[in-house]
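Below, chain A partners chain B and then partners chain C, in two separate complexes.
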Partner chain A sequence: MKPFGRLAYTTARRIGTCKRNVTTSRHFSVESNVQTNIESGTLYEMDLTVAKQLNMKTHLPSQLAKQMDTLGEIVTLVREPTAEVASCMRVVDKHLPNLRLVLWGAFGTGKTVTLNQAVHHAYKNNWAIVNLRSAMELTRRVKEIEMSSFVAGRINDPSNAVAILQNFKQQNQHVWKTLTDLLTEKDYEWSKSERTLKEKPITEIVEMGISAPFLASDCVGAIFRELRRHAKNDKLKVLVAIDDANSLWGKTLVKRADRTYAPPSDLTLVVHFRRMIANDWTNGCVLMVADKKEVADARDELEVSRHTPLELFGEEGFEFIEPFVPIETSNYTESEADTIYNYYVSKNWLASKSGKHSFLPQYILNLPIFLARSEEGRKQLMYLSAFNPYYYERLCAFN
Partner chain B sequence: MHRLSHISTRSRSTLADKLRSAVGGSDYGKSKQALAAGSIAAKDENGEDFRELYVMPKRKLRGQIQLEQNTGRAEIKTRSRFDLMDRLAERPPRSEEMDPEKHKWSDVWPAARTFAASVVPLPVRMGSRPNVEKRAPFKKEGNLELVKIPNFLHLTPVAIKQHCDAIKKFCTPFPPELIATPSLAATCLPISVQYSTYIHQGTNIRDIRSRVVTMIVDVESLKLTENAQEKFIRLAGKRYNKESKKLTIITDRCHTRKQNLDYAHYLLTVLYHEANKVEQWAELKERSDNLQVEFEGSETKTKLVDLIEKAKTAGLKPDESSITEFGEMWKSYRNSEETVDKTREYGRQMKKLLGISGNN
Partner chain C sequence: MTTKLARIAQKRWISSTTSTSNMYDPRVFREPITDVQELRKPLDVDDERNFLFVKAMKSDATPVFYRDHVIDKLIRVCTKDGEKETSRRNVHSALEIIKRRQYKAWVKASDEEKKNIELDPFVVAKKGIKNCHPLMKLQGVTRGGTTYQVPFPIEEPEAEFRAMKMMRDICRVRSKHGVTHFKDILATELLAASQNEGSTISAKQELHKTCEANRAYAHYRA
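On to the complex of A and B.
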């Protein structure tokens, strides 16, 4: 596939130019109220402004984000796990300890996409959203560290903390008004000069963290604490969506003064997120993704790690997140693959009718991309991707 | 001796004697003259003896005799061989003499022995010839190859049957209950011992591998208490198979099988008594030291009970009765290899427990 990539790309550009202005009929609808209408097997379009607010471009898998750029819209397939997550979110109640859901499944089956759909679902229902793009960033992509002044031995991570706060602010613009109405429980004394007084809006904590990176890690803890408290008091509902959540119990690349690697429990942000996962608060939902990338080693050719929760979270993490509801993401069914196929066809993303372009040799013309719109191409796409959503998308794309 | 005889010959015909007879004249050659006169008495007119001309010997020549015999003019004399009496004194080989049908072979060849061509009445041949179509392999007489290889001529079916019949009176019948229900063997005969005997071509009948003894013990039948059994399993290490609950002891450090068997029994005894001992430090054992993760008393169970309690107030319909079922599933999930199916089952039971149905 790869050597022909550029060739195929140029070819398709040529073919595509003459067909660009074909209007397509949409066989899906933009739903305003998702609460009642999560139906698996349907295509679902996210509003672009909403997608921008929810920062989908960075949170979605990069290939899907690129497709979003190209097609100018975000259309995802609502599948069984999304419906399951939505039904679990519906039972969230002020008396019920936060519900913990773990998305697990093989590579490319849509864990991250499901997570982002759930985030959007929370947005639709006016929940507060705490979304972490990847917990691995807190443990392995730590640019600068500071020793915590709040708890001895803890390691602060200002850059990630600021990023978390900024993301929080951006993603919660729809409930920002509500958040400003919520008041702090106590005086927070960040440093000698900086403090947030009691009975002030909790959004001040966020602003404080963003403006002063050296306080950001503590601000993250404080805003989480306030969110939990207000959720308990039924002021709002909170969705905590953490991608690669098993990395919170994985290995870190943060070095301490004695040059040993710090355990994840020493990282302030990891501790804050773990507290968010703990079910000592109510009226919330914690959605986690168990991802293999924490344990899989690309250089290890002999071992294949499992993608099941106990294996990925480890005993410690597993006991921490229990009791939780595991939700499996799986490969496409034939009808799901057809839905996506029809969508790509309607968008002219799959353009070629049959291999009848005289300037290319026949063996290239037999590639699925050159007969994509024919019946044979449809079948080839299914079987070449083995119904794996990631590979299906890769086969349909040029790059 | 030779030298002496030479001297004596010389003394008998000395030169002096010859000279003497030459001087005397008449005496010389008297004996020769007498010999010549004896054969043909005729003398010629000069009185000189008739000297016969030698043409051929006076006896019949070999060719003449053969010619006469072939033409029937002379009879052929048959003569017995010179070693006739020796040959008559020697017995012919038994293999030619015996009648295999009448003679009892197990009497002829009662025990293991090397091949003897004269005894075995079989026309066996052994060896390699370049062209077997022209010339058959070497016959059994004087054939060393047949002597080198082991033979089982003493183990004919008849001989074995005879042997079995002889020792039958010492045997008791195999328990018919064990034949009827093979599962009974595990409880009635908890120890099984395995060893191998090796037979091979060679000068030495011993094989170093035959000393190895494998003893398999059913640990359940030792009737250990729970603590003792755990200690037993820890002491046994990887010799204990937790699926079949059997202990396998392999001993090979002694020279003979008997010694190794004794040693295996010794090891089992020591293991048993050591497992039954309770040391002071054994009381320091914590929950995390257990061999298996238990659901009862685990943090998960307390959290789950708490969650169910709160879920009831939240308006869900949790299924409290299925917590024991969940506990069993949880225990097997935590203590065995995690599979995709097990995780699905975990999710199913958890949803059932919390009263969340997948499609509401």
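On to the complex of A and C.
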């Protein structure tokens, strides 16, 4: 584990993108935050009630959400990327511009899982959480659009905006009281009849947006603005966690009136999230995932796109998110695979016996040599999955 | 349309054996060793395989720890349009679904009930297929212009195939309109069949009833 301290962060700001092997002598510990110890190589359990509150079922990859259902618990492995994210979050301070982290890596190496572990970590340390399940939902899964009355040419997305506000409300129940104590800066005139006055709790904006879908996109912008303002004034720390963040600079499927596809900068929600990513506010951490989903075409068998941040964010996106700390996710090491294997065995999840010996009596079948839990099975699971976490889990699922 | 003369000229006869054509020249190629323990043993010095080529290993003969004859055959039977990968994904997903359902039941069960719940999806699937094995088959025999459905005895491999085919056809019909996927229906069928319930078991029992009803025609067996 290579701790990132204030030195690494400021160096990153000056140089541009910072390489992973820049180390510091020791990291600063900011007093009021991050008490829990995150050690890589250990299993990390998330309490089920907390997971429900954080809406983990929709945010985690579907296989892990099913594990939540079947095994009755969410246990994930803490790996180096999570430890790095946790130590980066320790550095967040009201004097420093927001710390931008980009999780990148090959398919199935744990980007989304690390993001959700960080969200849980933020919950435990009483941060405010702005979590977007996938930026592709804003650009590609837009059911209905409305032209914005606030800025000409911008396109509102009522259903996604309401979903974002509901998710925000659900995930921030642990700091809802703190948020209610924070007051709005100015009068918000949503429309001719609806308005939120000055010096009112900012949670009213959230309620307003949920109750009126046609105002929701503007409410999202307002709540984000208030969060940034109050973070600057050191009232709370904010974690902005966006999965598939490179989609904010990618392709859209939203058609304008003249039947051309709108660029993402024309969508209000995309603009609001980009403002959250911009480093003009302090006391926050922005965790983004660069995912190949945006760029890769499943039907194109000739081209293989790269999974590096520059390739996925594009020139424009990359310039916007610079300077950031890139955190690479990788395949399992043997010890990590062993940890997961032992966990599955302890939960009785690995059940298979070698089929061709089924004519043998049960007491022989229970001998280690015939089980997926045997030494042979343990090794083969690692090699067949090529140490890729996703394929490892898939192999363990049906065995 | 070739005439009889032309056919003789081309030296093609209607063969009575199952399959004689082979892409591999039998003088030059030998079967691969699929068992890892066997593979580790050194070959005899005068073994002919030292001097011959080896056929390519089939994709369902690889020495993985979850290699199972019944499941592999089920994958082959459910393959459509040569898309074995899709079929493999479906069958393995069905096994996963079986495992999840059994696991949930196992977690809730009391200690005595726990012993009766089988968590291994391979064992459940094999038991399900075994329970669906028909004991006889009906074959059409034409006598004097009428085709009679005559009950015939059946070998184990064919019984296994027929069981899988019945199950596959039922699952395909049910998943046709896309609301439920093939893997979910296959999982339900296998789980039910292992308890001697479900549509495939009923289909097998219908077959047995028809065989019993047509037992008079057994005299037509050649």
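The rule is simple: the second predicted complex is superposed on the first by the 344 of 399 C-alpha atoms of A that agree within 3 Å, B and C clash if a C-alpha of one lies under 4 Å from a C-alpha of the other, contacts with A are read in each partner's own complex, and residues count from 1 in each chain.
Convention: a contact is a pair of C-beta atoms (placed from the backbone, for glycine too) under 8 Å apart; a residue touches a chain by one contact, two chains touch by 3 or more.
Every value quoted in this text rests on a predicted model; they were computed, and no experiment measured them.
Touch check for A:384: first (chain B), second (chain C), both, or neither?
Second partner only, chain C.
Tell me which partner A:327 touches in the superposition: chain B (first), chain C (second), both or neither.
First partner only.
Touching A:97, do we find chain B (first), chain C (second), both, or neither?
In the superposition, A:97 touches chain B alone.
Spell out the part of chain C that touches chain A in their complex, as residue ranges.
Interface residues on the chain C side: 64-71, 92-93, 95-96, 99-100, 103-104, 106-107, 119-123, 126.
Which part of chain B faces chain A closely enough to touch in the complex?
So the residues of chain B in touch with chain A come to 299-300, 303-304, 306-307, 310-311, 313-316, 333-334, 338-340, 342-344, 346-347, 350-351, 353-354, 356-360.
Per the contact definition, I'd like the list of chain A residues that touch chain C in the complex.
Where chain A meets chain C, its residues are 66, 69-72, 348-349, 351-356, 358, 372, 374, 376-377, 380, 384, 397-399.
Which positions of chain A touch chain B when the two form their complex?
83-84, 87-88, 90-91, 93-97, 104, 279, 282, 306, 308-311, 319, 322-328
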